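Look at the two complexes coming up: subunit A is in both, with subunit B in one and subunit C in the other.
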Partner chain A sequence: MTVEPKLYQVDTFAVGNRLLDPAQRSEQARADRSNAITSGHRACQGCGEVLGARYVLDAAMRATGGNMVAANATGCLEVFSTPYPETSWQLPWLHSLFGNAPAVASGMAAALRAQGRSDTRVVAQAGDGGTVDIGFGCLSGMFERNDDVLFVCYDNEGYMNTGVQRSGATPPAARTANTKALGPEPGNAFGQGKFVPLIAMAHEIPYVATATVADLRDLEAKVETAMGMSGARYLHVLVPCPLGWGSASEDTIKVARLARETGIFPVFEAERGRITAVSKIRRWQPVEEYLRIQRRYAHLFGEPRRDDIVARIQAQADHNIDRFGLLDDDPGYEQDQE
Partner chain B sequence: MEKPFAITLDVGSSKANKTGSWRTERPVYVDLLPPCSNACPAGEDVRSWLYDAEEGGAGYERAWRTIMEDNPFPAIMGRVCYHPCETACNRGQLDEAVGINSVERFLGDEALREGWSVSVDAPSTGKKVLVVGAGPSGLSAAYHLARRGHAVTILEAGPMAGGMMRFGIPAYRLPREVLDAEVQRILDLGVRLELDAKVTDLDATMAEGGYDAAFLSVGAQVGRRAYIPAGSAAHVLDAVSMLHGLAEGERPLLGRRVAVYGGGNTALDAARTARRLGASEAVVVYRRTRDRMPAHESEVREAEDEGVLFRWLTTIKQVEGGAMTVERMELDDTGFPQPTGEVDELAADSLVLALGQDTDLSLLDAMPDVAVDDGVVQVDGTLMTGRPGVFAGGDMVPGERSVTVGVGHGRHAAEQIDAWLAGRAPRVPADRAVAPYDGLNTWYFADAPRTHRPTLETVRRQSTFDEVVQGLDEDNALYEARRCMSCGTCFQCDNCFGVCPDNAVLKIGRPGEPYLIDLDYCKGCGLCASECPSGAIAMEPEEI
Partner chain C sequence: MPVRSQIEGSQAVARAVARCRPQVVAAYPISPQTHIVESLADLVRTGELDPCEYLMVESELGAMSACIGSSAMGSRTYTATASQGLLFMAEALFNASGLGLPIVMTVANRAIGAPINIWNDHSDSMSMRDSGWVQLFASSNQEAVDLHVQAFRLAERLSLPVMVCMDGFVLTHAVEQVDVPEQDEVDAFLPPFTPRQQLDPAQPVSIGAMVGPEAFTEVKYLMHARQMQALDEIPRIAADFEAAFGRPAGGLVRPYRTDDAETVVVALGSQVGTIEVVVDQLRDEGHPVGLLDVTCFRPWPRDEVRRALAGAANVVVLEKAFAVGAGGIVGQNTRLALAGTPTVVHDVVAGLGGRPVTAAAVRGLLDDVLAGRVDPHRLHFLGLRTDLVDGQLRRDAASVPGPHAESMLREAGVIGSGSH
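So, the complex of A and B:
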């Protein structure tokens, strides 16, 4: 999104700007944003997940005029926000289990419809474990029934709440509690895991999008688009975890930005199974810039350096760049076909 | 209260949990000195006036008034200043420096178009201050002294005010309407200007006029001569006299082929002027190489565009009517030019010497307590000479010689004179840390290539004294102002407010204090500091 007609210093990269019309500023720039997760929560210093969740929910609250409810799977987001009897949530919020958030949300939408209250919208949220692993069956069911739910996955690439274990979204070579940095192939194995946004697209649901906490405007625009549609919608947000990734707490947004700028994490939008828009890389960087600031990859840069593994990760990023057309005006493989 | 099944406690808010206790570092909003201001000889608060200008509309006048607090010549500055601010500008490391000078010119011109003026708001102090010389330095001192309520008289030897701005810098770089208008604004404050009033004995003049203090700014007006053997038919003149004569309406006889000796801006102005006066060939002869020229690169380029020729590594041995003997030089290891013995002929009808200027300090002959060294007057940190109450600045004191330096001296001296007259201790400016480029998060700044000022077409630059460099229009000036990255201070982008995972940045919008850190909940993660585009937040260790 570019502001016309004249340059505004920070364009729409920053959260707000005094020179912008209030309507052109982000939801997060508003003093009256809903702060869906209020202060006092116990997320770690610099937690990307709580930030991503507030970004998403505040935008959804704005889009629905506050007429919405949320379901939440077990995971950091639930644990750090609701130690009984305290809560951080500033909207009706329901927690059930680690694995059933999509099913719970489907049930909430069905119940609201049965009561003639379909105008109250439902958002479900889970970590990557709750989404791509244990919750995956319920999620696929929610998709194929096209239930009226926006499902948001906060992807921090591991089971963080229980002590940083591997999930189906943990990237290759990353160290976790159960993929140790040992042996000839240290860290998580190559060739395993899954990228659920593409699986969601295969369900041909109305809307699928990816985003990161580093591009607020893009994230908010996607939430707004999603809330303007009905049926099953899926939003996959990359949220760095300083604890699990071993990154500095002040680097959370930087790490997310590098994930996008290296091509490691493709940011795009799709409708009914077709990619409709891709966020282009603005200042390309080699993957090493991304890997080096995370201790979960420290074994790649020790003695001896594992340049062979860095090269394999680079090849994956290059593949993403090519496949999704992340550079310049390249429309990309996916969009070429029709 | 009746509780539902299995519920034993009332619902509480997480706000009861003061997570601020986790913190080992706290974010603090800082206000560092931006490199532009740090480099400005006139001490302008560049970042502040760009900030005002970024708003457009009513912001322009506020911006202009901010400049006027420090410098009474925005329209002149925007034309002749060598803009060290741009050389220092952090944006130069990202793409290209902000066009600070062009925005200043736009604001200066806007003020002239709109007739903005300033007033004297301080009550009269009853003190009389003498200013000697109406060059940029004297005019600046007069302006700042008048605005502080002093009665100021300028005694000027020449027939018009402006000093080298009028009798040195040619009209194609500084149109005289602009100069006149900005000088007039100073006189409108009640400053008395006496023309053709050369001071020959400062002591006597001060006693006669009953002045309480004086500021000397007589410049360096005397063109330096070098001894070059010359035949009787040789036509040799000095650049300063030539430009001076021209400004007074004389047309110097230069011939068709003109050689100019020297490598400074004066040499270039002399050569460019010669072209305009009809010389088919103007050659600048300089004993070193191009990169060692004291002249500024932009002026060398402009001269080249106008067809001025250059002979590098060359000295002049002998001048006759119609020709000169020149010798090729070589730089030694220390970069100093050494003769090679190889000589050559250079056809030239006249030779213009531009070898620097000296100061005529005869007005101080009767004041042995005013120390003079190396031809310039010695001053202390407050610009006071050896005589209490007599201050000096501009070209007549040691240091770089430019309009901007002169203006800065005028302002600085005015402040010190004001303090001295009131018996106050001189103000010592606080040392402020300069905002480094590394402190910025440049991701947030829009990709915005610089807009350059258009220049007049070359034919008109070879025959007329029309202004060469044109101004930016409003759109471009606004765009250029908005390229400023606000190094080292908050510009209200809301990033800190947005990126805090703990909602611990409060947006209060008080003037000068847009945000506040809520220390009850700030965990000290540092995200606000690292995502602040302008490096305006520092993390400081908590005392534990």
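So, the complex of A and C:
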């Protein structure tokens, strides 16, 4: 994101929209935003997913002049937005199944090509279960065919709609309904799981980016970049889930920011399999700051404290910092590739 | 004038489908469906079928899912599959019908494993009989071609998905003389696709909302009501087809010499040709025997079946699939149609996993039925190798472990040294 603000507010990294050029203001600051997902939906208080979806879709609607359609996987986003006979969607929207949203989107894009309507664009969205697990085969197929689809994964690190079970995106040591804080290795196992943005990059698709709901203007900018390209594009957005993570509803942004500031969640952009930009950590924090405000990690800070497990998580964050060059003095991922 | 040429069933179907001008074809290869979709890929590549997008997807679930997206986007959409592929699509099949998307699909009927078997029977389509798709069964390659042209019109008229079932290898790979309708003929018969509902930025709608107990029954009732409308629409389309193309094809059921028949065979698919030959033989010998070819299995044409079988003392349902642990599938439906009549229904399973249904075998079966040697209260397996199954059942009773298929093949001397 290339924003040259005129003025920062004192002692923060925030900058008021009114201080920016109109072209650089958040889509959400515009009176004529599309409200693609409008009020009345039944998301939980503090839901990161609906916040992310709102910013993603309104930015995509801006970028396409409202000429787009959406495919949605089964999951929280689908359930809380369309309880019959109501809908929160103000764009053409199709929900088919849990594991097929990428293929449904491919079909939509093919239909549009056949109809000579390539100006109408396709966005598909799913949670981490629908993306990294049950929808992964279809996703990889959509990537390798380079179908003209922006696929957005709202990653809340588990199957929250079914009652907080482990997914392939659940981090180690996190407590879920089927990885409880029981036994000598409480919570989700170490050495498992996958980080799909890197797998997406291995397909050498035009664009892969990660983002969090802590940096919403950055998220919008990445959507805008993605919609300026054609072919398969992938956006992986970390969206805290107060219910599943056991964090306070008012802390959603804070938790997301700490995920980035600790290095737990690397924020970057990549084109054709090469990282092109990395969001540097502004104020480094130890992972304990991130973990302590989530009850899914409460077993690490009880009696006895599991400093050994916290240290393993810290090592993972340190690995991310090194691998992606997340600190200012770090040469960074790109140089590693030379 | 239509061109009559010697052509493989798959090639003929592919050309007929192409002349229906599908805008999107999404398919995943599986025998014995491959020649159909390969041929369509050629037609798209050469520009003979244009505009059309051919999607080479990563699985059958992907194929049907892409079809769902394409159809919801307002494009005429086609795919083909068989056997395991149809099962892998299962979740999306129910979704396509629930959403009322008029997708047309060929099923090149093939057995389902285990044991893995690539040859023909009807287990695949029958397993999806309650998926909400219309199911039409072709008795010949000519009918397969003609049913596809009718299927698009039916699907789009009712906004329902339609499965055209043709016997794998027996039809798909058989080379014979087939009239493939010309482009102008198909264009005159099949109007351009006007979707009932589609994704359109100018008029945004949400498709696929969650429905709870307060309205789910009503949604399903309406699905049923719409599929039952096909019972009226299919004969109309068949009549229009005959008027336009000068040959009969389609319809719900096709009775063959059933007038005054005391014994009637009920069958689906390519075996009806063989059965016709046997019926002719028996008629020549003075036996009042007939055949009811069921073209439309879903929706089930109960009244037409009942009418066609009324007066028969014996009905023999010869089917290439069965419900393990229950019995005949078409047989159960036939009993439903004959409820309250004294007609006796015999369930006979034949042609599983590619075993040929020969005229001699059918003749033998009918001789047994006519002589009262077939117990109507038991499921009968035509040509069952009792030497193999009896041996295995004996070993089972003696608690000898091991997979049935392997044990039986050892017994038959197909594998192993035979020493056990």
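Simple rule for what comes next: the second predicted complex is superposed on the first by the 320 of 338 C-alpha atoms of A that agree within 3 Å, B and C clash if a C-alpha of one lies under 4 Å from a C-alpha of the other, contacts with A are read in each partner's own complex, and residues count from 1 in each chain.
In this section, a contact is a pair of C-beta atoms (placed from the backbone, for glycine too) under 8 Å apart; a residue touches a chain by one contact, two chains touch by 3 or more.
The shown structure was predicted, so the numbers you read here are calculated from the model rather than taken from an experiment.
*Asks:* Of the partners subunit B and subunit C, which touch A:202 in the superposed model: first, second, both, neither?
*Replies:* Neither partner.
*Asks:* Let me test your reading of the model: by the given contact rule, A:84 touches which partner, first (subunit B), second (subunit C), both or neither?
*Replies:* both
*Asks:* According to the stated criteria, A:29 is in contact with first (subunit B), second (subunit C), both, or neither; which is it?
*Replies:* First partner only.
*Asks:* What is the contact status of A:182 with respect to subunit B (first) and subunit C (second): first, second, both, or neither?
*Replies:* Neither subunit B nor subunit C is touched by A:182.
*Asks:* Is A:315 contacted by the first partner subunit B, the second partner subunit C, both or neither?
*Replies:* neither
*Asks:* For A:115, using the defined touch cut-off, is the partner it touches subunit B, subunit C, both, or neither? Pick first, second, both or neither.
*Replies:* Second partner only, subunit C.
*Asks:* Touching A:249 in the superposition: subunit B (first), subunit C (second), both, neither?
*Replies:* The answer is first: A:249 touches subunit B but not subunit C.
*Asks:* Contacts for A:105 in the overlay, against subunit B (first) and subunit C (second): which applies, first, second, both or neither?
*Replies:* Touch partner of A:105: subunit C, not subunit B.
*Asks:* Residue by residue on subunit A, keep only those touching subunit B in one complex and subunit C in the other, then list them.
*Replies:* Shared contact residues on subunit A: 84-85, 87.
*Asks:* Can you list the residues on subunit C that touch subunit A in the complex?
*Replies:* Touch residues, subunit C against subunit A: 23-24, 26, 51-53, 55-59, 61-63, 65-75, 77, 91-92, 95, 99, 199-201, 203-212, 214-215.
*Asks:* Going by the contact rule at the top, pick out the subunit B residues touching subunit A in the complex.
*Replies:* Those residues of subunit B that touch subunit A are 9-19, 22, 54-55, 443-448, 475, 478-479, 482-486, 491-495, 497-499, 501-504, 507, 509, 518, 520-521, 523-527, 529-531, 533, 539.
*Asks:* Residues of subunit A touching subunit C in their complex?
*Replies:* For this pair, the touching residues of subunit A are 66-69, 71-72, 78-79, 82-85, 87, 89-97, 99-100, 103-116, 120, 137-138, 140-141, 144-145.
*Asks:* Taking the complex as given, what residues does subunit A use to touch subunit B?
*Replies:* Touch residues, subunit A against subunit B: 6-11, 13-19, 25-26, 28-29, 31, 35, 38-43, 45-48, 50-51, 54, 81, 84-88, 216, 242, 248-254, 257, 282-283.
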